[in-house]
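The structure under discussion is supplied below as structure tokens; questions concerning it will follow.
Order as written gives the chain letters A, B, C, D, E, F, G and H; numbering starts at 1 within each chain.
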Amino acid sequence: MKITGLIVTILVGGLLIYAAADFPAWSDPNSPASTYLSPHFIEKTMEETSVPNIVTAVLADYRSFDTMFETTVIFSAGVAVFILLRTFRRKEPEARHYRHVLTGVTMRIKEGKLPPSDDFERIDTLWTPPDLIIKTVCRLLIPFIQIFGLYVIAHGHHSPGGGFQGGVILGASIIVLAISHNLRTVVKRMSEKLDAVLCAVGVLIYAGTGALCLLLGLNFMDYSALASVLFVDPIMARSHGILIVEIGVGIAVMCTMVWIYSNVSSRGRYEQGL
Amino acid sequence: MDTIFMYCSLYVAFLMLLSLYRGLVGPTVLDRMICVNAIGSKTTVVLVLIGLLYHRVDMFVDIALAYAMLNFVAVLAASRYFQKRKGLHDEV
Amino acid sequence: MSDLISIIVANYNYWIYITLMMIGLYAMIAKNNLVKKIVGMNIFQTAIILFYVSIGVKKGATIPILQHGHGHGAHTVVHAVDYVNPLPHVLMLTAIVVGVATLGVALALAIRVYDRYNTLEEDELLAQIREK
Amino acid sequence: MIWPIDLAILTLVVIVGIGALMVKDLLGAAILFGAYSFMMCLLWTVMGAVDVAFTEASVGAGVSTVFFVGAVFRTSRRTKD
Amino acid sequence: MDIIVCLFLFAGLFFFTGGAVGILRFPDFYSRLHPAGKLDTLGLLLSLIGLALFNLHHFSLGALLTSAKIILIVVFVFLASPTATHAIVDAGVRAGLAPWTKGEERR
Amino acid sequence: METITSIKPLLAVLVSLLITPLLISSKAPNVRETWTFVAAAVKFLIVLSMLPTVLKGTEIVYTIAEVVPGVAIKFRVDALGMLFALVASSLWIITSAYSIGYMRGLKEHSQTRYFCFFALALSATIGVAFSANLLTLYLFYEMLSFATYPLVTHHQDREARSSGRKYLLYIVGTSIGLVLPAMLISYNLTGTLEFGKQGFLAGAGASKPLIGLLLVMLVFGFAKAAIMPLHSWLPAAMVAPTPVSALLHAVAVVKVGVFSVVRVLTGVFGTDLLLSFNFGTAIILVASVTILVGSFVALSQDGLKRLLAFSTIAQLSYIVLGVGLLSPKGMTGGMVHIAMHAFGKITLFFCAGAIFVATGKKNISEMVGIGRRMPVTMTAFFIASLSIIGMPPCGGFISKWYLVLGSLEAHQMPVLFVLLTSSLLNAAYFMPFVYKAFFCVPKEAMFENTVQEAPPFCVVPLVITALISIVLLFYPQPFLRLASMMVQGITGV
Amino acid sequence: MNKQEQEKKSFFFYPFLATFIIMFGVWVLLSGKFDLFHISLGLISCAIVSYLSADLLFPSPKIGGLLGQWARFVRYIPWLMIEIMKANLHVTYLVFHPRMMELIDPRIVKFQSKLTSDLALVTFANSITLTPGTITVDVSLDGDFKVHAIDKASGDPLPGEMEARISKAFGED
Amino acid sequence: MSHNYPALIVVVPLLSALVISVAGWVNKRLCFPIAFAALAVAAYSSVGLLFRVLDEGVIVYKLGGWDPPMGIAYYVDHLNGLVLTVVSVVALLNLIASKKSIEEEFPEKTGPFYTLYILMVTGLLGIVVTGDAFNLYVLLEIAALTGYGLLAMGEERAPLASLNYLYMGTIGACFYLLGVGYLYIVTGSLNMVDIAGILPSLYQSKAVLAAFIICMVGVWLKMAFFPLHAWLPNAYTYAPSAASSLIAPLVTKVMIYVMIRLILTVFTPEFSFNVLAVSDAIVWLAVIAVVMGAILALAERNNLKKMLTYIIVAEVGYMVGGAWLGNRTGMTGAILHIVNDALMTLCVFLVVGNIVYKVKGAGFDDLKGLFRKMPFTMGAFVVGAISMIGVPPTCGFFSKWYLISGAIQAGHYGFMVALLFSSLVNVVLFFRVFEICYYEPFSDHHGHGHDHHPEPMDEAPLSMLVPLYVVGAILVLVGLYTGDIVDQIIQFAIPKGLV
């Protein structure tokens, strides 16, 4: 295998090096790529969509169709990971572990019995007490991470960022919660069902916006059709349309990241999470 | 001033290379974690420096901030591994 | 000869991208461990992203966010030469997302494989399959 | 585009990339892969691709590494190469 | 003004250097964490303060906010860095790594 | 020549195809067999109804779909096709009756399947007879191959399995390996596949080697004709139940092969082209070898059905030989031989089957004295063997006669020799058996005492076919006329 | 379970408000745009975050006295900064010292802190980590500290002045 | 609404996939009707679109209202109209047929399974309809990712096979992406038509050459062209039957479509066949692919499904070879074979699905006596098999006809021989299967087997049989209407320049 790999690699590399000799010089302002399409984007974005961040404008408007499918890719990855890993345990294990929340006493209970009082929480076999420092600091930081994520989504028009980045940051904030506490805490806050539904809803917001444009009589994804709904002029409508789809992307990405994480890290058994 | 910033960045990059030694050589996974943590904080500075070089620092701080936040997540996750799986070397 | 050298020097980004890609490709083919292959796959993907982003670079240009563009319909003239080419960036955002999605699925599959065979080494896997 | 920094970081990228593949421990590989993402993020910034850099930062550091660690946690750290 | 900025920056870089060298030189994982956890944090603090100051050169509300954001990074790192350090050291302890004591071989 | 468009050819093909769901769904055997008879009768009537039109010199044409530019799935009823269809559809009725007797007599399993595929095979046969171009012919030819496979392997034992394999290998292998490329090459040469009066390849201006290659591919490609190197599937296929063997040898399969070869020689290449390149001799040579070798091998066979199989191999090449003579008389003889041989050979097989039903014996050596126990069957056998040998008072004489005339016409004296030798050989392998059957006393305990004639469903058909064989000597008009019309169309004589 | 659910259902107004205000402060800092559109986006975002995570920032519904606590905490920071500077200089000295290996003498120091609240303990632990030559290895809920010190000089003064200042800052005297 | 057909084809399945995903958490029984409705709409609009294309010629749909080189546009011409119809119809039929097996195999995950299913179809339809080189990549990844998920749900070896597929598929997709990058760097455009307009001045450029090679290798990887086929057999064999009968007919075919699209539209035939002059070599590669596919299938003596996958490998060779013969007939054959092979493969894989549903396995041992046990299923299998062998009037014959014609016209007799060889091997393969299904329980009884007790008939449910028979009928109908399909559709799909 190693030899094959080496040969293939060298062949591919040789081909690429051979072809790279014909490239326009690196960072040449007059290369075809820089002179053919991009000037239009750079010069007309502000006029046509009123969004200073050209990347956002191109991403969510000119090539919004790509981005819709990009979100779908994430969504389908989420579903794929779910369908691959999630195991619904129908049979409870014989003995379960419970821990008293206030005192930290752990106990083992046979199947069919319930813990003596409501103060007990269910823990898994690999349970270790959460570290105080990490737990506390993360608890304090998570809201800030979240507000930052939302900020990134909301300000995608003016500064780098947008739905995807914001969504990942939001997702990361919840992953931090899972890491610093445990997966059960996360599931308690955000049930699996909610998570899964929100994934779809996020993409649905995106695709639905496009479909709305279609219903309003213009082409799919032509946000200027939204002008009549949002009561603004068509160019501003494009800008707002971009924001709406970015929010959709944000929701979808956040939930999918959490979904994938919880499945991967727990091998599909949420009661035994990382 | 730009020149200074540029040389600073280069210098930080050099420092990263130094820290990377631990990342590559080890000897334990934890040393690699230290390395990544160290590289993370240096990267944050480089990001801001590059922002200043572009004269658009307002655009770059967001990245740096996100970076600082998420670097922390990665390290936490890696260390979480050892909370659950005892033993520096894997069960072979 | 000096031409060649100048080409080599001027296009170093492309050379590095080819190097990275070769590393990734080699790892994907030759590595024995499934997760290592996934790492190689990611390196391979980032190499391509590097290539695209390199296309977008323009000498003396700034990041593709308009500087004075607050409020819509602003009439300040924008020169294309001042900003790097945004299109590759857009494409690569998509590619990164695809990359992370693929990573997720690949890891899930690796976990399933491990569940079944209790190893991630390809040769051991094949040996187990052959035994049956 | 600031080419000296660019070149320096490119070198680092290659080194970290090779490192991540050579390490004989999957957790280490995952961690080094995180470092690789950091480098890539820096690289995009240097080339002026801020949005790409932002994405790489959030994905590479925040998500990819965590996924890797999660997967390694659920499988094994052992690797022969 | 530039001089102050440079001063901060160089101080920061000095500590960074210390961190990097410390990681290389110290004998074991626990002692390596000292330079890595502390010197880097301080280096970051100093250099970012310097850069924030530099950013205030052309004073405006935007610049002020940007500088404030840079400071926010510092605050964040000050919360996060010791935690991360602690997490790593905790991992080391749980992994069963014995600390280096005087007289042993380098590890 | 006039043509009229009519759906009748399609109907003739479809009748037996559409009957299959009825056959499958019918619960009682009697219902099933009634349907078979109905279909057979309808089919025969449809074919018969076209006969006057054809005899008037009009062709009936029906196009289903144009599948490839210039080539359609298309039916055309001309004299030759009519001849063949007439033989096939009339014999189906008789074979059906015989099948009932045979299958019930032996309590065979999977009778529904048997009747279904029988019907399918007949559809394909009629399709081949009526096809207007090479593609349609190929279509039905393949359909026939696959429809007869379950019939050949009806017994589902190991022997059936291996002969089934052999059958498929030869038949499908040659059709895909030789016919298909030849067809495509000629299509690419000419842009059409329509059978013409003088062959569509004639005007293509192809070189002699290419034409020769195509000739080889097409003649040997239709391996159902069992021309010599590709004949060995036929004896192997004798493991099938006897009605199937009858179908294979007399009606459907081998005749389809020969018919296809005749079609190819006349419709694709055309006599003029063959004459001009002097390929006739080559065909004659191959056919003669097959005739002689086939007959010689038949001499040494002990299994009755195997003997008949080798006899068939030899007899089929008469037809090829006749066409290969490229003279009007010879071609007429060859074409008429399709009919004559069919009636004769089917009788022989029916007899073999009847003997098997009655006694369970398969080998000639075990049948000494059987003529006394089964006089009707053996008489029919005798008549049919006369027909095959080519002696009056049977139809076989007419075709042989024409062949002899044809060889004289074509100045091919060696052919005369071949014909005579082969007739002698035919006599040599049939007559001893007939003699033994009637005049020798069986050894003790060779037959149980209860051996009687086979059930009436078996006996009646074979009597009918034997009688037809005789009738054909005196009244060969429809077949002779059709053949000569065809030859007239081709050669203008 | 019942009790917890009940708790969750009752809406804590004060933590929500406090979180909202803090978040909005951060938002303004981050955003830098003061038109109506962005402000309203900010309000919505802050509401979302407060709704989701108010209980993380303020685990108990009682938030009185927090303001004063924070004010004292701010006064603690400059002192900490100076300490950190000193600490770092010390470590830097060690790092660059040619005979470093002879100077350092790592050890684990254990002591019992009298701090009680989580936040105070964490602050203390993090301060220890940031200051010279010491890293908190483990803290238990009862205040048992395990500290890794790089040399004798760094480890000795613990808990020392720092604990006092922190306990003052958190009002735990 | 007919104006929006191009968008609807992709958007309706996408939206419904999301709705299914939500519905799956509410009530599982809602999933199937929604999926069915979505695919029905997609099939309806693709047929409508095909007829509109026949009337009006190429339809351009601007997404977002932006003019093509700026925004993304859909170009629907005769070629994708045809392939769209095939894809949507195949997906619809398979959905109906596999409802039972999905609900039996994944009682808890029906919702996600349908979601992935519809998303996969969305991806495939999108690949076919799009006119933007990069958009194609994204859709490719959707189809691929969902495919990995679906394929890995099968037997115990499935995850490993699927993981290997993932590695290969990712390399393939990345190569394609890289090729697009090379095109972008020299042309500056991503729109296929636009690129084709710019390329002629760059024919001599090494970058274009490299782009071409890389794209081709990428696409070949995805379609499992012979030396790059290693992932396919295992991945398809161990997959759940609902997934394999969707993926096996469609994915490779759609990738062939992509290849043809690249040859015809992006690089133009002029470049592909004349400037490059590599077509001969590629046809030889295809010859090897066909022969090796056939041999590998012959060597497989355990599992029916695996044998079929090797046949797919050979069929891929047919189409690649046909497309690269460099003449009109060969190209017609390749395009026709996309249609036919999709249908044929669907037919046989549905049969396998039925068998697995009833017998719980598709090993050769499981097939014994099936002609008696499941006569209707096996009847359809016979139709599929003779179509694969290439017997008229089933459609398999006619595409083979065009392919061989093309080979003869190009003077490439090697390819002709390979095709004939593969047909013969198919005969052997399928009749080997028939023998097993037909004889095995009786193999001990020599003679007539008068008194055996046949197994009782145990046929698959009607919902699985009806689609199967529809496919069977389509196989014959398409065969009979080949002339019309070629005259009305495919003829216009091939540019005039190609003779």
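One rule holds for everything that comes next: a residue touches a chain if its C-beta (ideal position, glycine included) is under 8 Å from a C-beta of that chain, and two chains touch if they have at least 3 such contacts.
Not measured: the values here are computed from a predicted model.
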| item | value |
| --- | --- |
| Pieces of the assembly without chain E, by contact | one piece |
| Relative to chain D, chain with the most remote C-alpha centre | F |
| Chain pair, A-E or A-H, that carries the greater number of C-beta contacts | A-H |
| Nearest-to-centre chain - CA centroid comparison | H |
| Cα-centroid distance, chain B relative to chain C, in whole angstrom | 20 |
| Cα-centroid distance, chain C relative to chain H, in whole angstrom | 29 |
| For chain E paired with chain G, centre-to-centre distance based on mean C-alpha positions, whole Å | 17 |
| Distance between the centres, which are taken as Cα means, of chain D and chain B, whole angstrom | 10 |
| Shared-contact residues (touching 2 or more other chains) in chain H | 134, 138, 141, 145, 148-149, 152, 159, 184-185, 190 |
| For chain G, residues that touch 2 or more chains besides their own | 26, 30, 32, 125-126, 136 |
| Residues on chain D engaged by chain B in the complex (per definition of touch) | 2, 4-5, 8-9, 12, 15-16, 19, 22-23, 25, 27-28, 30-32, 34-35, 38, 41-42, 45-46, 48, 50, 53-54, 57-58, 61-62, 65-66, 69-70, 72-73, 76-78 |
| Chain G partner contacts - residues on chain E that touch it in the complex | 14-15, 18-19, 21-22, 25-28, 30-31, 33-35, 37-39, 41-42, 61-62, 65-66, 68-69, 72, 78-79, 81-83, 85-86, 89-90, 93, 99-102, 106 |
| List of chain H residues in touch with chain F within their complex | 382, 386, 389-393, 397-398, 401-402, 404-405, 408-409, 416, 420, 423-424, 427-428, 431, 435, 438-439, 442-443, 445-450, 452, 479-484, 486-487 |
| Complex contacts: residues of chain C adjacent to chain H | 21, 25, 28, 34, 37, 41, 44-45, 48, 51-52, 55, 87-88, 91, 94-95, 98, 101-102, 105-106, 109-110, 112-113, 116-117, 125, 129 |
| Of all residues in chain B, those that touch chain E in their complex | 1, 4, 8, 11-12, 15-16, 18-19, 21-22, 27-28, 30-31, 33-35, 37-38, 41-42, 44-45, 48-49, 52, 57-58, 61-62, 64-65, 68-69, 71-72, 75-76, 78-83, 86-88 |
